[in-house]
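Chain naming follows the written order as A, B, C and D, and within any one chain the residues start at number 1.
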Amino acid sequence: MKIRMAMIGGGAGSFIGPVHRMAATLDGECELVAAALSSDPDNAISSGIRAGLPGDRIYTDWQAMIDAEKLKPVEIRPHFISIVTPNFLHYQQISESLNAGFHVLCDKPLCMTVSEAKELKNLVEASGRLFCLTHNYTGYPMIKLARDIVRRDRLGQVHKVSVEYFQGWLSTNAEGEGNKQAAWRSDPSKAGNTGTMADIGTHAFNLAEYVSCLKVKEVCADITPTLFNRRLDDDGNVMLRFENGVKGSLLASQIATGEENNLRLKVYGEKGSLTWEQMNPNDLIVRSTGEPIRVYRTAAFTGDDAERNTRYTRLPAGHPEGFIEGFANVYRSFTRAIRAVSDNLPPESDYPGIEEGVRGMRFLEAVVNSSAADSKWTLL
Amino acid sequence: MKIRMAMIGGGAGSFIGPVHRMAATLDGECELVAAALSSDPDNAISSGIRAGLPGDRIYTDWQAMIDAEKLKPVEIRPHFISIVTPNFLHYQQISESLNAGFHVLCDKPLCMTVSEAKELKNLVEASGRLFCLTHNYTGYPMIKLARDIVRRDRLGQVHKVSVEYFQGWLSTNAEGEGNKQAAWRSDPSKAGNTGTMADIGTHAFNLAEYVSCLKVKEVCADITPTLFNRRLDDDGNVMLRFENGVKGSLLASQIATGEENNLRLKVYGEKGSLTWEQMNPNDLIVRSTGEPIRVYRTAAFTGDDAERNTRYTRLPAGHPEGFIEGFANVYRSFTRAIRAVSDNLPPESDYPGIEEGVRGMRFLEAVVNSSAADSKWTLL
Amino acid sequence: MKIRMAMIGGGAGSFIGPVHRMAATLDGECELVAAALSSDPDNAISSGIRAGLPGDRIYTDWQAMIDAEKLKPVEIRPHFISIVTPNFLHYQQISESLNAGFHVLCDKPLCMTVSEAKELKNLVEASGRLFCLTHNYTGYPMIKLARDIVRRDRLGQVHKVSVEYFQGWLSTNAEGEGNKQAAWRSDPSKAGNTGTMADIGTHAFNLAEYVSCLKVKEVCADITPTLFNRRLDDDGNVMLRFENGVKGSLLASQIATGEENNLRLKVYGEKGSLTWEQMNPNDLIVRSTGEPIRVYRTAAFTGDDAERNTRYTRLPAGHPEGFIEGFANVYRSFTRAIRAVSDNLPPESDYPGIEEGVRGMRFLEAVVNSSAADSKWTLL
Amino acid sequence: MKIRMAMIGGGAGSFIGPVHRMAATLDGECELVAAALSSDPDNAISSGIRAGLPGDRIYTDWQAMIDAEKLKPVEIRPHFISIVTPNFLHYQQISESLNAGFHVLCDKPLCMTVSEAKELKNLVEASGRLFCLTHNYTGYPMIKLARDIVRRDRLGQVHKVSVEYFQGWLSTNAEGEGNKQAAWRSDPSKAGNTGTMADIGTHAFNLAEYVSCLKVKEVCADITPTLFNRRLDDDGNVMLRFENGVKGSLLASQIATGEENNLRLKVYGEKGSLTWEQMNPNDLIVRSTGEPIRVYRTAAFTGDDAERNTRYTRLPAGHPEGFIEGFANVYRSFTRAIRAVSDNLPPESDYPGIEEGVRGMRFLEAVVNSSAADSKWTLL
């Protein structure tokens, strides 16, 4: 039996919608059974057809879909709703989905404000339903290994964390040229009160906390709407203070001309350090003083770290696995947890959840406040 | 409507079976509807269930599957058979599939001998059915671009071609330790009269001809069963002479300890050269004398070469696409051609076919004969 | 005729002394004629002998050397004094050298405080002598090209500058284990009121201004003495605001375990960006939206940018030039300027000078003050 | 006391002459005292002046220099002659230098024929003088380490050796455009009966034997004068059989358009393999099945392999050392051996010598004969 998914958003013109569908179905363990893929009815219908859905489960209104699908017989009813809409819709769509009894998966960031986030957290906890936030970079096998290396104390105590996420696609006036992605992301009513920080800064923040196993306590930020009279930041620098006195930095930009999707994490510890770059995701570089550099490669090693070879990879070493495969790992962990719940087994929470969503919103709020206060150190 | 696929081989224990299934279904344009996934009945059944097939379309015998499926109503009957068995079974399975009226896709190499290959070519041509041989590396977007660059004469006349394909997995006694892949590949009755050359040398050969747009005329080969008293070569060096007096080399090894799946192609022309490495598949490096190196990146460029951005990629630049995505491009081209045929439209042959299969077998025969004759230059 | 150099500091146990001597003499245009290589008389003498100096021009006291050498006949008298001592000695040694009529080259940072720096600037200007500060990274051919690319407006208006300089050698207690370099660098009386920022942060700062052709106006800094109860910072993050509203960041660390000498500069403009990494100094990576990445290589290109091929390189492309060669470019520019002055020709100032020294001290003062004021934005 | 060098060849217009002078003098242990830098008297004189030589030790005729310099008082007489002329002059210049009692260093290849090489070997042995052939790539620290790794059996038994050396500078008609380097290298009367193989193939051959610690027994070659009606090969492929049944390949080209100086060596053993690339000379990559890749870096490691950190490097890790530094290691080893001989101590032979010269000539003769015999396997 496959886990059944309904989807809100992600029709023609969406980048992330098709990614979610490929990721969800890659392993043959999950299928799309219903969808409201667009708020535009024509798009919703044509995209639904193209996704292979039967006409009676293609919806032009997400609320109508939830109302109808919750009444379906249990053997065809969706197990979960996948939400891939702009930020401002998340709060209501998550709430309604949970209220209708569905598990929920939602693209990041969680919502628009910390107070919304707290409410959603309460709602998730009260519902007994599972919730996944697609910080998909945590799904890469080398990121799983990186976190393990820190947890097993192989770097010793962490001293320093440096993360940067550089893109260049907003160095042109994309929103002025009809790019839908750019349009809503630069509109405060749809994106919230940050642009680049919400879009990619939260990924960087999440990854830094996930791998370092440390929480950020304070930020000192300088975010800027650099170009084209933007209303939201398209670039920002943030200095970080973690717990235990650890310091770090988070740099994020979407005006870094010529950069594609350059997310890089470095964690420095007492005995060693690790470096990972999203554009070469199958390498994890570990350096220790006085020793040769060690490059761990997806699916290539045995021994202590080998569990990662089988759980999060699909191919032998040297057959590159990329963005879709990493994203699929998050989906697979989540759908397997749903399966466990359906089978009355304890689910393994091997995916980002509501707590990561709340932390992301706290981070964004602190960054916005710090920057507005001329880069005053601000607690999360 | 999705294109319907039946599969022979590829059950539990197979590496390439799951790859074919992920590649076939990635874009939601093709579905698996029937399968005989193993010659072992238990494996065939359990693997079929795991693949989500209904019980009545899971077969324990491939011939029985063909016999039954050809009688299905046209609206559920498979459009094509995907064959992912060891080499010695290809000839019969392709023949029977064509005879039953199915289009056929088969993993490489085509068969066991040149004479089998010629017969299959005649059979394909007589059948009017489509045939695809999964030289999957031709599906990478940067390989498509590389071939275009040569065809558009951007390198000038080609002078030299160098290809190498290094793996290390047979540096240990894999076949002696129960590795199924290694076992049949080192057994002449199942693999044919070459090992490494058939397994990966043919990929390298195909890629060299595909990108350079030149045919190999002669080979001078030295192939060797190096380790563990193997009966078939696990390593080989081949010097090449192409048409137009162009020279080159093809190096292939599976005892290159520590190498993962290191396929590298270099084509040198009058005005420039190109380098592509499978393990960094999203880079195509173009060098010209006196100019900066140009690195083309999947989905990252516009202008003359931009068609490649949309046809063979699924993600924005910087979101790594890998082996499965490249493989899926071959499947998508093939299933779209089937769809065209079904719609009585002229299919575009944007995938490797029977002619590539024949050439691969000619290459293998020439290599074996050259090597047996103390590296005498031997015509293809 | 070779340009004659006398040296203060740089005897046995020094890292940078031998580098200066190799760099000065690499091209056969400069020779060491006198030296006071150590404040320890035995070291001064044995190091002087090892450097091939005649006994009567080996000194155990730098002041004595200046006094004696200024009286030598003009045809053997040193043209310039090279100062490679710890920071706290620079002010006096530069002053005395200038007063004695010598041109002066000094290792960075210039001195201990901004007020010392200003006095030195006045002194240099009054003296009519040439002064060079060895921000040696500006000597790499690809850095010269990078600056030209910005100056020729090939990136369009600059939007963003990101520089980082990571080393790991202070992740161990080097100063506690007898490492002389670490000992004086972590002693405020010898290094000044910063450690890592003075040692490597100034290089990063200088490089950022040199290549971007922009001045930093304000800094917001968080510098930290992280390990081993150090009295001076061994790590720091700095947010930058340049003129024209350009923003940036400067990250510097010597506790970045496993890092060697990882200095990386990125400059982002309207139309393109450039990336340079000191550990691969012969690559300059230029990215523009919609175009292939261009990698300029030392000595490998012709056309508009080709002047750089001949002025700052010594070898054909592909023959790696490294740290010593880059350092030698600074020396060669300086000694050629001295030669021009000696020949009553106008010297070309193609090397960092006193103004760069003053700016470095302003940067350090602002960083220290900002960090002490809980990361308040502070003007340079 | 510095070791004194006289030089034959290497005046204005020479690439390798300045390299030899920089390499010889980098460490301050060797000085140029006399030279006949060109067969053109004007060039000889002006180049000698530019090299800082006194007029009475600048010669316009190499034989005259030997005759005059051998009569100089022992305290100023050169210890050795450095020969950097085209191949056809080596035999006579080496012979005369030895006969005059000098130690000799000569650029590769040794001479024109195997019979010349054997005579030179006898002459060297009879003379009691030291002889060095500048296969400079053996001087890189990571090559020293690579050889040690093989010798200490850390790869287990070697199975396979792959070396390639690709340049592109002869993809244009360099000799027709007045390039002196290209002119003599493509003239059989000056270069011998091979072009590219003599110029760079011998480096590749030497490196393969040096690192693998195995001798080549047989070659099967296809060398080609590809472009511009050349009389000598500008491209070639060679299959190798080493002792112990080990196989390999050597590819060399100077028409590989866009390649700079791309020399790459791979040695595969039972337990691991190593890869080294001249254009990233400070990395040595070691791969073993089931383990992370290990990247050894110049000057960066401690432990068993650490001796290499101090003997062959001049800088801390991360400060790139390049071609000149590697070349200087060969000179330093040779001049230290001369110093030992002068001090009546046993010299350490840590540099390539006459035996390497003989093997290089055997390799060239076998390659030429094999290729002429339609790629017949030919013994060295």
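Some observations on this one:
FYI, contacts are C-beta pairs under 8 Å (C-beta built on N, C-alpha and C of every residue); 3 or more make two chains touch, one makes a residue touch a chain.
Quantities reported herein were computed from a predicted structural model and do not represent experimental measurements.
Contacts with chain A and chain B are shared by C, D. Of the two chain pairs considered here, B-C and C-D, the higher C-beta contact count falls to C-D. Farthest chain from chain A, judged by C-alpha centroids: D. Our note on geometry: chain B versus chain C, Cα centroid distance of 55 Å, whole angstroms. Centres computed as Cα averages put chain A at a distance of 43 Å from chain C. One inter-chain figure worth recording: chain C and chain D are separated by 35 Å, centre to centre, where each centre is the mean of the chain's CA atoms. Contacts with at least two other chains are made by residues 169, 259, 286, 293, 297, 300 of chain D. The touch graph of the protein chains shown is complete.
By the touch criterion stated above, chain A contacts chain C in their complex at residues 155, 159-160, 162, 164, 166, 168-169, 171-172, 220, 222, 224, 226-227, 235, 237, 239, 241, 247-249, 251, 253, 255-259, 266, 268-273, 286-289, 293, 374-375, 377. Residues of chain C touching chain B in their complex: 286, 290-297, 300-303. Across the complex, chain B is touched by residues 2, 15, 18-19, 21-22, 25-28, 50-52, 167, 169, 259-262, 278-281, 297, 300, 314-325 of chain A.
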